[in-house]
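Consider the two complexes below, in which subunit A is the common component and subunit B and subunit C are the respective partners.
Right, the complex of A and B next:
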């Protein structure tokens, strides 16, 4: 293939980067301007910073608890789905289970309908059915972690299967002969080798839960409310607080950016894992 | 060290039986090679010994203990896999120390034993490397190191040299043999390469289609193959086989091939008229002034010896001689056969007469 001239490539990627990053920049600009300036002539050049929106957000105890909820629910969900997905894939890959292909396909069936279809059943399950005495799963963090699992676990199983299948069974066998118990085979050999796939799954499930709005808005009232639902509270009948919303949005973006940058290397390896014989 | 007894072992996958009552006795410290073509069941048998494959019927004992239901980790065996099966995320040292770590040995002991094994295998300078940074031969030695650190009762080798190039294979062959002489541990070694089997084994087990065809010392198998399959499998190049019958020529028995070729016979109980398979190894055929006239088809000089493919009637006979023969294709030469080197097999049962 003929390579493009270097300056053309630089121009191309500068343009793509601009397209991608400009909305984020604009969001930041909105978050550091007072409300009056927002509605005057739009100006993307920053001359001075107005941090009050951020201070307001950080001083707001409710928003702080929403942020904590988001973090706990996303992380709890991602860890649970990744671990359970990994163990499921290990069983599907290594053991002769009758009808395992059907089991594999069956896991994905709930992703074939839009999430809205599950809203009412989920609402009834969490408010009416899953209750012990006064304790109900609705509006709890553990409830939301489990709800997101129903969507993320099938996804985790599907993304992890090629990774686990790609780890040669001979390594398990070598470990068995070397004196490892089945649990040691998993922890010492298969799990460390599945790390790239695990990182990808962890991130993608985390992002799903972090960004999710519909289910969180329906199944939480106050205790387990997340940041995404918190955003909507600033759209009121008397007006929309754009500056505060922008500041919350920046806060929403930061953890995702940090997590992505930390595991970016693994994501690239993970997505190509097993593509070529290594 | 331990002896191993494989007693009437049967293996079924569902309704399909792939191993039909295999019996092998392996003595203390013996180097036994299981050899046979692909699909003969030799690797399955080794995996059953390791505990990686279930035994459908019969028993396998290591020492005096029946191990049919003993898990691999409790069999006190070590195995070297065809692909080496090194843990890619562990260093050479960690790979070699893994069996000891699993046995919860103290770190000082692990370091000491890994160090000693690394010294034996010339790996001491590579202990901090990862498997992907090693050459094929080095990986092979790490796999062996991982096996020897535990000082197991039995070593199992599953075609360990088949991924190496020809030259390295010869070197590693010598290294494994040396290792056996040093450690004197019982070894069961699987290969499809009969040269490996001949050069390394104290005892060879020739297998075909899930059955043992013959068990014996390498030279015994070479000199007295019990059937056509073993005769053809052991020895390189392969033995010449000619189909025909015993005829009487002036009161003496002779072999007459289907194409009419007459060949000398040793003393044999086979009756005149009996249909037989006549076997003669290429290296047991000489070239002389008088003998069986043959037409040269191809001559392959290798320097140390010359291989001649020649036609006699409708039969092609392969001979190897030490002399340098410069016969042109199409020219006639004479093959000389010493009847003492002839093997006769029954044409129906293919068993040795």
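Right, the complex of A and C next:
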């Protein structure tokens, strides 16, 4: 087999990387151009930066509240899913519960179902059925935090299981012998050891919740609307504000990029249900 | 070891949440699908109407058109991603400076929100704003307009999906290729096998489990593609890119015809399950029994 020269490989991968990065760069280009310049011949090289789109987004009270909602919903959901996922994995790993493997597989079926199928029942349940007095879950942050559990909680359970299973049972037993309560064992023995796995799970569930659009678009009207739905509101048939749309996209993208640098290695494992070790 | 009561107690919150937001919606949608229910119709109440919603589904031309383009999209997207992903994975098997760096860049699209991918490709391909139509115009003299040409819109959604998800295929196949033992390849070379023979008779059978798993995951994800297409084309022009999720979101959901919409949801869910099952029975199960 002929081996390709290294510089040829570098050239090839530079080209592929260009294909990957250029669309993202183009998003940035559109976001820092005034509307009038957009419709002239597309310029690839930026000479001056026009930050008004970003300032407009930050000054927009509605968009600011969407941003806040996104932040609260994804953080609340990530914390809830990671903690419950951890407790679930602890129960599955340390107790001899009948049918626990079936429960484990049942959880993942919730993630496999296409979300579009659940739009209608979820909408009907949240607007009409799940109500306590006058309080309905639709268009509330707590409602969205719970709804996102359908895909994030199974994910948390699946990614945390190897971590919790990997912590030796002898440690728990030693602590019990010393007279520790189960709660103390979970919080002070197992939890600290699971921390790296918990961090990865927390970050990935956070991104999935932050990135979600479909359910947020159908289950919220105003109070709990998220940044991704705000983005789609800027695409209308009468005319799209391209610069604003690009700026919102950049705002939505930034957290994902930060996260990306933190958990790059775990992304593929996460996206393939652990079928592939990244 | 402590009593199982504590174990169930720890499981309880998870099971309660998944019950109310996973199991209940599943049975609720089936239940509603057997009713005539439209809150804005003459009779806003739920009326049990046997399977007449399902009878209607079979003759729903819009739904059938949507299913047709969905399968075309899934087929072209997954096949392109598989071929491209394999070639890129092979290109990563050689050593060259900066490999880790290029790999990082290659992984980047995976973390991006689908709706952002849609918005990026909208900015790339919208005539007079995007750079792609102007390049196509000056290089090939063609007028690329995803708002008018059904073929252009369809191809753009496939290209977008390939851009977004090929890295997943690449990285899973890298993981499979790295774990291969070198001996069979060396032996085959000594025996004078050519590259194509090595690929079909050695590489492919050995990475087959990984390929099947990857296809499975990609297929499931491609079937549920909604956000990015909604953003890019809105399902148009006509029904050219109105994939099943987009169809439910844009055509079924806003109609407030809850009974009929539920029937469509159930049919789509059922089809997803059947495709899953067929894949499992056809590809994954025989492999396991052969081994076992």
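The working rule: the second predicted complex is superposed on the first by the 235 of 278 C-alpha atoms of A that agree within 3 Å, B and C clash if a C-alpha of one lies under 4 Å from a C-alpha of the other, contacts with A are read in each partner's own complex, and residues count from 1 in each chain.
The definition used in the following text is that contacts are C-beta pairs under 8 Å (C-beta built on N, C-alpha and C of every residue); 3 or more make two chains touch, one makes a residue touch a chain.
Predicted model only: the values in this text are computed from it and were never measured.
In the superposed pair of complexes, A:178 makes contact with subunit B only, with no contact to subunit C. With both structures placed on the common chain, the touch criterion links A:192 to subunit B but leaves subunit C unconnected. Of the two partner chains placed by superposition, A:135 touches none, neither subunit B nor subunit C.
When the two complexes are superposed, the chain touching more residues of subunit A, out of subunit B and subunit C, is C. Interface of subunit A with subunit B (complex): residues 168, 170-171, 173-181, 184, 188-189, 192-193.
Subunit B makes touch with subunit A in their complex at residues 50-52, 71-73, 77-79, 81, 83, 85-89, 98-99, 102-103, 146, 150, 156.
Of all residues in subunit C, those touching subunit A in their complex are 1-2, 4, 6-8, 10-11, 13-15, 17-18, 20-22, 24-26, 28-29, 32, 88, 91, 94-99, 102, 104-116, 119-124, 126, 128-131, 134, 163, 167-168, 171-172, 175-176, 189, 195, 210, 213-214, 217, 220, 223-224, 226-227, 230-231, 234, 244-245, 248-249, 252-253, 258, 261-262, 265-266, 268-269, 272, 276. Residues 1, 3-4, 6, 9-10, 12-14, 16-17, 19-21, 23-24, 26-27, 30, 38-39, 41-42, 44, 84-85, 87-88, 90-92, 94-97, 103, 106-107, 109-110, 112-125, 129-130, 146-147, 149-150, 153-154, 157, 182, 207, 210-214, 217-218, 228, 231-232, 235, 242, 245-246, 249, 252-253, 256-257, 259-260, 264, 267-268, 271-273, 275-278 of subunit A are the ones touching subunit C in the complex.
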